[in-house]
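In the two complexes below, chain A is the common chain; its partner is chain B in one and chain C in the other.
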Partner chain A sequence: MRDFEYSDERISSREIMVAMPSVVIGAGVLSLPSDLASITIGSDGWISLAVSGMTAIALAWAIAKLASRFPQQSFMDYASHLVSKPVAVVMTFLLALISLQYTAFEVRQIADVAKQYLFDRTPLEVISLTFLLVVVYAVSGSREGLFRLNTMFLPIILLITVGVLLFNFGWFDFGNLQPIFQTGFTDLLRGAGSSVTSYIGFGILWFYVGLVKDPEKAPRAAAIGMSLPMLLYVLLFVMIVGVFGNAATANLLYPTVELAKTVDLPVGFFERFESIFFVIWIMAIFNTTVMVLDVAVLALHTLFKNTPKIKILLIVTPLTYLVSMYPQNLLEVSRFGEIISYTGVGLTVFLLILLSVMLKIRGGKP
Partner chain B sequence: MKKRIGLFVCCVMSFLLAGCWDEIDIEDRGFVIGAAVDLAEDQPTDHYTLDLTNQFVILRSFASSGGSSSGGGGSQKPYANVTATGESILEITREMAALAGRAPYHEHLKILVVAAEVAREPGLFASIMDLYVRDQEMRREIRVLISEGEAKKIMEIEPSGATLPARYIYSLMENNNKTIELLEPVRMGSIHEYLLEKNSYVLPHVQAEGSKLNSKGAAVIQGHNNKMVGALTGTETKGLNLITGKNSMGTIKFEIDGQLMIYELENMSSEIKVDPSDRDNIEITVNIETEGRISEMFGSRTLMDESYLREIEQHINKSLEELANQALTKGQEELQVDFFGFGEKIKQKHYGIWTEIKDNWDYGSNIFSNQTTVDITANSIVRTIGAADKVKD
Partner chain C sequence: MRLGAIFKKKNKQKSKDSGQENFTVDIEKNLDKNLANLRKMLEEPNDLVVREVPIGNTRSAVVYIEGMIDKAFVHKNILNKLQEYQTDADDSRKILEEIFEETITVADVQKGKTLDDAANALLSGSTVVYIDGARQVLIMGTRGWETRAIEKPTTESALRGPKEGFVESLRTNMTLVRRQIRDPNLRFKTYYVGRRSKKKLVLSYVDGVIHPDIVKELHRRLQSIDMDFAPESGYIEQWIEDSFLSPFPQISNTERPDKVAAALLQGKAAIILDGTPFVLLAPVTLGSTLQSPDDYYERWTIGTLLRTLRYGAAFIAIFLPGLYIALASYHPGMIPSDLAFSIGASRQGVPFPAFIEALLMSLTMELLREAGARLPRNIGQTIGIVGGLVIGEAAVTAGIVSPIMVIVVALNAIASFAIPEYSVAISFRILLFGFMIAAAFLGLYGIILAYIMVNIHIVNLKSVGVPYSAPFAPSFFRDWTDLVLRLPVPLLTTRPKYLQTNDRTRTGKGDTDA
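Presenting the complex of A and B:
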């Protein structure tokens, strides 16, 4: 595999804006409405989604703001400046580890869903391996290329989502949304807690903001990029509860896929709309996985400067594959996802607070 | 040398890329388009033994009758009904794969007919629904019907003109779903909701009569034990549709001055208001609004008369209220089951009260039939009287 040399591996803040939703929208949204509906009453889950979405936007903005104080610097550089080199190494390593785990989780999720709905008899191992190999191929190339791929795929993903929303309007029943505002405060917070996992992905900002040509615009771009998934999730959730009702939504494993299956237009071609939906959604998950794996490789590359990127990639990929195959059943996969999400959010918040405090103490420029 | 190795790898790769693990040729798939569930004649074990009839589409006969060449398969039926017996639906389906010579494929399943006999056993109907909701091959758009007598017979109805019985029944239900005597088709997805919420509900009730499908109104399923507890006649279904405001096309026959007159509905809606504040007497008001025209009359008075039109409207209101009350009486007093969705309305509007009463709503101490008053009023407008005023004098 030869390296494509596009440009100087620098990106614009607009590309950060596109990368944000590309990373965030992934496998999580396929099952998200189900967890949320089981916690909340009626259609109240959208409040939880909005709350966690706002939190995610705030986090993304804060991370980008912090990182943009150190233009053209890698995470390793500015973290070393703020909290000494050994601590920075540990941090980078932890972030890389979480990213790898997240890659493994995404691979497993897409393989599970694809096996359930598309490939009945193909072994799970083969589906995930095929997917992972494509991801590896993408990551081994130019980073700039990945951002271009994001920009190319995102409109298609949004288009298909809007399609799923519109074509289901015939089944939408306002009665299903009621009762409204009946969920207690604690349950709403619990819902927000469980849905914050669907917004995970702001971790990429720690590393990518350093590549941005116009860092002063990065915080705004990150926040705008993050608000897109929030809007999408709220719309999807309301639509799904409106079509299936709260109880059925809570009892479907992948309500979003079922929503795509419900699309039934008189034109024969659209009788199996979910097959198109799947193709597009695999693109969404591909984007997520590629970005997350790339961040992991980038992080490790700053630790092992002398090892070529491709070598790092080829070392971590088999490990990722093994981890993704480790959970034995559905319950273990979802527990695996929860653990990664919560540690991811926890680590991000911890880093944000620690680095911000140190920034106040030590000041900006090294 | 390097070039040759590259070429070799490319060749091997192209073989690998062309493979598909899940490939099944379309000829090998048994497309199931309709299914019917009956209770088997002998019940050897403690579990229910069921008869499942799947209607397979035979693609070959489609191909040969469609083509211009006069093949021998033209007279062949385009479908085949295969029946097998067993205790679980999946088990029967597997067995059927051996009988039919191809694996049943349910992605195109349109209707599921369950015999009333099956639905009358407590819990059995819900257990049958399980596979049809759980299996990812099934769609939530499968329409579910209850048949009086053998469900298998429904799959044998051969309509003139149409090719597949299952598709014929499906389109019949879809196209007639505006008619007020018929129930709106019920989707598998809705049944999933009803089962989870333990709501009582109604399903279309049909019967096969020779080569004709007879609609018998609606089958009432009690939510608490998932059991068919009764059936509504066509007239009662009309009343039910008036209360729920579902199907808006149809005619109302009434008498005025001793002569018949027909009011054709063009638009109908209903508004249900619930007031559960007094727990011992929950008040429900149903307001039915209709618009329509006089399309047939046996008398000969002029209709271009304001006061006479008012009088006609009064008569229409009265007969609408009578129809609705008939259905209500059946539900509230005779069957003591709330299939009108009043409970759902209370849940939507007064969630706090609903959580307290839901276990005794149409079950247990049955608040619905003992402590609930339903008041139905109708309000009709005659918009037009057709192309002529008086036809005879």
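Presenting the complex of A and C:
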């Protein structure tokens, strides 16, 4: 007798493939082109994006590969096996902490952008809080449900992005892309460094690969999933620079939303398309936030096994909210984001190297 | 185990309280004593008929409840036969055997040993024959009462397709299903529900098509039912559904045998309760609630377009007033300026904010719907005219609501009537008010958050263990051929994959050598 294969708490590698872009595409890409354009010359930023994207793909593949050596095991289990239990506890805790910070950052970002494009009088605190509550509602449900949410929202997000790209074709000017290949090597690297912020999210793989039914396919799925945001970012960046020019892009706060602003629907039923774009984009930010918060809860749950998931969630939520309200202005928010990204990437690379080396020494089977 | 872990644990403790007296009195030898016992138990109802018939030297009695039996049948096959019956036997046990085996020409004859057997049989329309000196009775299926003839289903009309609808009689309903599926694997499992109503309930499925776990789970839930009275299948539905907090129906109901047959062959199960024409179907998914048999009966282009239209209708039914509120009160800049001016002009002098205006009109709409549903048809139409035309027109003229609002609410109401199932349409109306409130507080941002919340709820919801969001997510691309789209019939070769049927294929390649 066959069971309902999809009704259990295991996920398939296909769901990892969908989860990757869902986590990665979030609030970061809204402001990404502006940071990048200010560092690079002309449209050269795409090289930086491609370089950091390739790095992200490699990282995702490597993490998934490492984690898939220990099928059906939690991060805590295999990390304990590789680097002793106390170290694993510290690692799990750090990863949970980073994830919570990232949640706070996304919650803050959504409020900032919403204030910019949807309302000006509604207080920041209310916008963030309502969003966070919806996220908490999602995380309190089944984990399988989160992956289904990803599957349901990602097509809508891709559709609206492709729509924005297509409708902007009329304003695209090849002249804006020039000069090309003028940026120096160090600047390109600097650009790549700053764009890593938008690729962060591969940390979820440490935890989710252990839930995958077919772990041997997970690395490939993660890499494919990761290449989707890279493609999207490069297209968006080239389109934005092609429409606005490098200088203007660098001065815009959220160039990606501004790109949507230029869209003038031929039927003319809606004006201010950027509001609609952003409203849809809330789903993308939601996907990111929900997965990251879930990872944090999952990580903490492996540390405090006897505490129910919902309790952990209700403890970390107010803390996350307070952290998200801490930065006083947009500048501080973006610095906050940078700190999280760099520590996140640093921690991931460090963990990856450490665990890989230990894997070589201690062998795969626990 | 895995499926079992997913199913909501619904281990209801069977309360064995003494709500009923238990008459486990054995049948005695003395006929008068037996009859007295029976009369005492039923407190001498005036519809109880006891007809004594002497058989040789032995006394016997034919007992039935008038109105529940087929009178002509009882006269011809029981009374006549007993009166003509001659015997030399003296032993009443022997007489009983002879009558049981030879005399009576009723197909459905059983023996009963206790007073309880006899009384239950009587109350469900059987005829009981007592023989003096025998410790057993004969119970004969003679049920026959006035029933409604098979008519057109009143709640689900279709432009094309069989016009037969289910009736109140369980037998007839089972026959209606059997007539559609002449498969030896069609199963009808019987249950009895209601401690006092003791109604028959039938779980129907096609063995070899349905996933066995669905049957197992439904069986478990049906057995857990412990209620007094089951007047309608809605009681059963509410007892066995996965989540009673959800606004979405997790079990659908229908009056159409063709719909039941199609669902059974898709790998679903049907639950037929005696005494109601509404048959339950499970499991349900969001996609299947927006489908109608018509989609399959018309050609595929029409079917596909109708479905797409219905998805549009669902969107309007849920979102339109909320969107109007959000756009009018939070983001007027998003409406093209010409339209914004005309909306602004029409709202000139309206004393309420858009939310109150929309709430008033939508509530009026609900009132009209409810009033129209209860009244006889002729008066119902009057209500429609009075409500729709008079109140709408008068409210606009009086300047209480804007004409745009009337259009929005009317469009919204029409769209919600385009949803094929009433219970689904109603749940959409509930969501509608949620979205209106969300829009009133946070505009478009509120709407999208509410939309996300509905999605969160849907992905966590299950219907008999099957995710409600299937086959969208978890995605079964094969099933998308029959979801929003409806591909041509020869291309619909497989049963829905999300139901994990045992028999995957629905059609062969088709005979081309004609």
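Operating definition for what follows: the second predicted complex is superposed on the first by the 357 of 366 C-alpha atoms of A that agree within 3 Å, B and C clash if a C-alpha of one lies under 4 Å from a C-alpha of the other, contacts with A are read in each partner's own complex, and residues count from 1 in each chain.
Here is the rule we use: a residue touches a chain if its C-beta (ideal position, glycine included) is under 8 Å from a C-beta of that chain, and two chains touch if they have at least 3 such contacts.
All figures in this text were calculated on a predicted structure; none of them were measured in a lab.
Colleague: Between chain B and chain C, whom does A:152 touch in the aligned arrangement: first, second, both, or neither?
Modeller: Only chain C is touched by A:152; chain B is not.
Colleague: Could you look at A:114 and tell me whether it touches chain B, chain C, both or neither (first, second, both, neither)?
Modeller: Only chain C is touched by A:114; chain B is not.
Colleague: Under the stated touch criterion, which partner chain does A:272 make contact with: chain B (first), chain C (second), both, or neither?
Modeller: both
Colleague: Looking at A:251 after the superposition, I want to know if it touches chain B, chain C, both of them or none. Which is it: first, second, both, neither?
Modeller: In the superposed model, A:251 contacts chain B only, not chain C.
Colleague: Looking at A:141, would you say it contacts chain B, chain C, both, or neither? Reply first, second, both or neither.
Modeller: second
Colleague: By residue count, is chain A touched more by chain B or by chain C?
Modeller: The larger set of chain A residues in touch belongs to C.
Colleague: Output check: A:286 vs chain B and chain C. Expected answer is one of first, second, both, neither. What do you get?
Modeller: In the superposition, A:286 contacts chain C only.
Colleague: Between chain B (first) and chain C (second), which does A:125 come into contact with in this model arrangement: first, second, both, or neither?
Modeller: Touch status of A:125: no partner.
Colleague: Considering only the contact definition stated at the top, list the common interface residues of chain A for chain B and chain C.
Modeller: Common interface on chain A, chain B vs chain C: 118-119, 122, 126, 272.
Colleague: With touch defined as at the start, can you tell me which chain B residues reach chain A in the complex?
Modeller: 21-22, 107, 136, 139-141, 189, 192-193, 196-197, 344, 347-349, 351-352
Colleague: Would you mind writing out the residues of chain A in touch with chain C in their complex?
Modeller: 1-8, 15, 114, 118-119, 122, 126-127, 130-131, 134, 137-138, 141-142, 144-153, 268-272, 275-276, 279-280, 282-283, 286
Colleague: Tell me, which parts of chain C touch chain A in their complex?
Modeller: Per the stated touch rule, the residues are 2-3, 5-6, 211-213, 330-331, 333-337, 442-449, 452-453, 455-456, 459-460, 462, 465-467, 469-470, 472-475, 498, 500, 502.
Colleague: In their shared complex, at which residues does chain A touch chain B?
Modeller: Interface residues on the chain A side: 41-42, 116-123, 126, 175, 178-179, 182, 243-245, 247-248, 251, 258, 261-262, 264, 272.
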